[in-house]
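Per-chain numbering from 1; labels A, B and C assigned in written order.
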Amino acid sequence: MKIRTVALNTFKEAIRDRVLYLLLFFSAVCIILARLLSILTVGDRIKIIKDVGLASISLFGALMAILMGTGLVFKEIDKKTIYTLLSKPIHRFQFLLGKFFGLVLTLLIMIALMSVIFLALLFFHTFHIEWRILLPICFVFMELCLITSVALLFSCFSTPILSSLFSLSFYIIGHLSWGLETLIKKIPSINMRAVFKALYTFLPDLENFNFKTEIVHNLPIPPDIYLYSVLYGIAYTGFVLVLAMLVFRRRDFI
Amino acid sequence: MNAALKIESLHKSFKTGFIPKKKTILKGISLSVNAGEIFGYLGPNGAGKTTTIKCILGLIFPDEGFIEVLGYPFLSLKAKEKLGFLPENPYFYDYLSASEFLDFYARLFGIKRTERQTKTRNLLRLVGLEKAAHIPLRKFSRGMLQRIGFSQALINDPDIVLLDEPLSGLDPIGRKEIRDIIVRLKEEGKTVFLSSHILQDIEMICDRVAILVEGEIINQGKITELISEKILFTEIIVSGIKPDDLAVLGGNVSTQGDRTLLKIHDEDRVESIFKLIQSSGGKIHSLIPRTQTLEDIFVGMVKKT
Amino acid sequence: MKRYVLITFLLVSCITFMGLKLRLDNISREKVPGSSIIYIPSVKYLKYATLGYTSIAADLIYLWAIQYYSDTEIKDRYDHLEHILSIIFEMDPYYLDPYEIGAVIAVYEAEDVGAALRILDKGIENNPDQWLFPFEAGHYAQRNLNDYKTAQRYYKQAMNIDGAPAQARRLFANAAFEIFDYETALKTWFEIYQTATDERTRKIASNHLYRVRAAIDIRAIKEALAKYRDRYGHYPLKIDQLVPNGYLQAVPSDMDGKKYIYEPKTGEVKPPTIPWKR
């Protein structure tokens, strides 16, 4: 109940933040830009629209998650609103979870809006609503939840600029995981390979949430991937949130 | 009688700087606040008043020591259920309106919807902000923020209210209003713990005080016990007597216009001087015996350390 | 929440996601042919996009390309080989490896020697001081296409570059020989012979000179024989017979002074010694 209170409050704060609408505006622009780009191509126009549209939703969603997430806790500490809040009967972890779910709710709405614009554009072109395209968007949302939790974690102890850099690094590392896998094959020593394999397994693999290519090219997706991806997302997000709770527990607010 | 707030042997130090250097803020504080009284926590800036309050609230974790609020361990949620807090220079969520703001905190106490609405309305009326109920907090002035801060501290009808420098930055009217609210809280049976460095206000409303200097409590107790009733000196304002004559009377003399201010240290001589002035045909405008104030004690004690 | 509760949660979630990750890796996902390069951007714009980091962009694209071309699952990966390489060349024209390796991939994997030569041409154009590119191009032309004319052209380029191995010149001379340009061959082998710094090179040069010389002589003899045959309807019994009629100036001997072997029935003329066995 208390988590819900903080979550709704965070949602109110985010919804009233102008930065959010700026990003939404730009994402809409990009999605519509897809229409223009498709004119330049020879061949399948729809594919370009789908690709650009999905990429925009993914990119701007990530930007929203990072930009808003890194301010979540930092702003409360910096502006000292956290003093009054923690003087009330609320656990620190309830505060964190409330912040997290508030932002997740905001992102859900934003993604939904972007999807509507995207689907409308596609309908405009194909006179057909392809519901399948919502699948990669759902997984993009899952990815955004994970990124939000990471941004929240960094927000607990770092300034927004540094937190944004760290979160962005997390995002980039997450998408380059396959590169590490390739590198590991070339390491001669077995022991070193084991060490790096452990590191590789620990580092996030955000490609597990990436189904854009498959949907655009109508490739088959093995069904158990859905379940495992979702579980992976939940487990990793849980891990990061618990880490944030640990960091935040005994923090002195000077 | 149960202590509303009990602190024993509170120690807190911080490591600051790039090369961590240990700085001790609180060096073993012990104090006790009785239920239903107004307790003043005095000290110069940087003495550790705010740190103490943050320790009580669980915003800072003490190195060692024992704190109990309303009989509960200080970190427990039960303690916070009946506690209200107003921070120094309050800053609140500026994207919320006044009523949304109070509603948010009310929810954290689990207060039901209808009750929330009533409470919010009443509190806004109490602090004189009912017209500003729907204005976002970012448009509030300093005084208005202080008042809405008060209302959030009282939203849960607390048994003890902690106020950190509640009168700082207010104009005289604001100060009076806040003082009145605090006194009214005492009348309702609440305990008030307030920290300040404005001694005149403390003197006016507090029952007991503790004086904190550089992390140590150098004195605590009832104000009446700390301040003796001894008259230090008497100030008389007269007119119609020539300054030369006045000089004969002794004491310090300063003149402004046709009025002269006499400062007489010796209590015994006051009466004779009084008669002398009357016989000389002078007019006495005021006669004020000055007793020892809290400020005097305070300055004296600070100077000693 | 108690500390140990949180730490337990932490470990459990960590192990869970690591386990899930390993499980997910095992699920193979279909790759679209050429999916890694859905769009190959125009080179001109890519340069702007890299914001001045063109050199490292070239490195990264090259690294990616190596992995891409090693991936046997992508069936049509050679379709855009030249385009991808041209991007790397445009980014950093002085990065030498891509030219060389690109040519190797073209020849041995894509089996397109023409592409390899085009790649190496680019290398020559951007790096005229590198003898390796024309040298390799010559090899490919000679070995894979049997095109000695092209090879000769490349070897000529190579041998004129500072630092080129002496071999380049020899290959040039040999190529000239193969396209029957005996004059150039002779001249070049003579130069090699004269400028040889070690015995082995001198020997090689000498043998080649012998061969070229023999080829020139045999060509002259065969021309004369042909004229004789036109006239008389049959080959002469001896080569000497060609002299009086003026078909041949004189009976040539090989470089060692020996006579050429002549088979009157077939009109075959052969050198008396195998050049390498001298």
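A few remarks follow.
Simple rule for what comes next: a contact is a pair of C-beta atoms (placed from the backbone, for glycine too) under 8 Å apart; a residue touches a chain by one contact, two chains touch by 3 or more.
No experiment lies behind these values; they were computed from the predicted model shown.
Counted as hops between touching chains, the shortest connection from chain B to chain C is 2. A centroid comparison over C-alpha atoms places C as the chain most distant from chain B.
Among the chains present, the centre nearest to the common Cα mean is that of A.
The geometric centre of chain B is 93 Å away from that of chain C, both derived from CA atoms. The centroid of the Cα atoms in chain A and the matching centroid in chain B are 48 Å apart. The distance from the centre of chain A to the centre of chain C, with each centre set as the mean of the Cα atoms, comes to 51 Å.
Looking at chain A, residues 91 sit in touch with two or more other chains. Interface residues of chain B facing chain A in the complex, by the touch rule stated above, are 14, 54, 57-61, 77-78, 80-81, 83-85, 87, 89-93, 95-96, 100, 104-105, 107-110, 149, 152, 156, 162. Residues of chain C that touch chain A in their complex: 1, 3, 6-7, 9-10, 13-14, 16-18, 20-25, 27-30, 32, 35, 38, 67. Every residue of chain A that touches chain B in the complex is listed here, in rising order: 1-2, 5, 9, 12-13, 16-17, 79-91, 250, 252-254. Taken together, the chain A residues at the contact with chain C in this complex read 51, 91, 93, 181-182, 201-202, 205, 208, 213-214, 217, 219-222, 224-225, 228-229, 231-232, 235-236, 238-239, 242-243, 245-246, 249.
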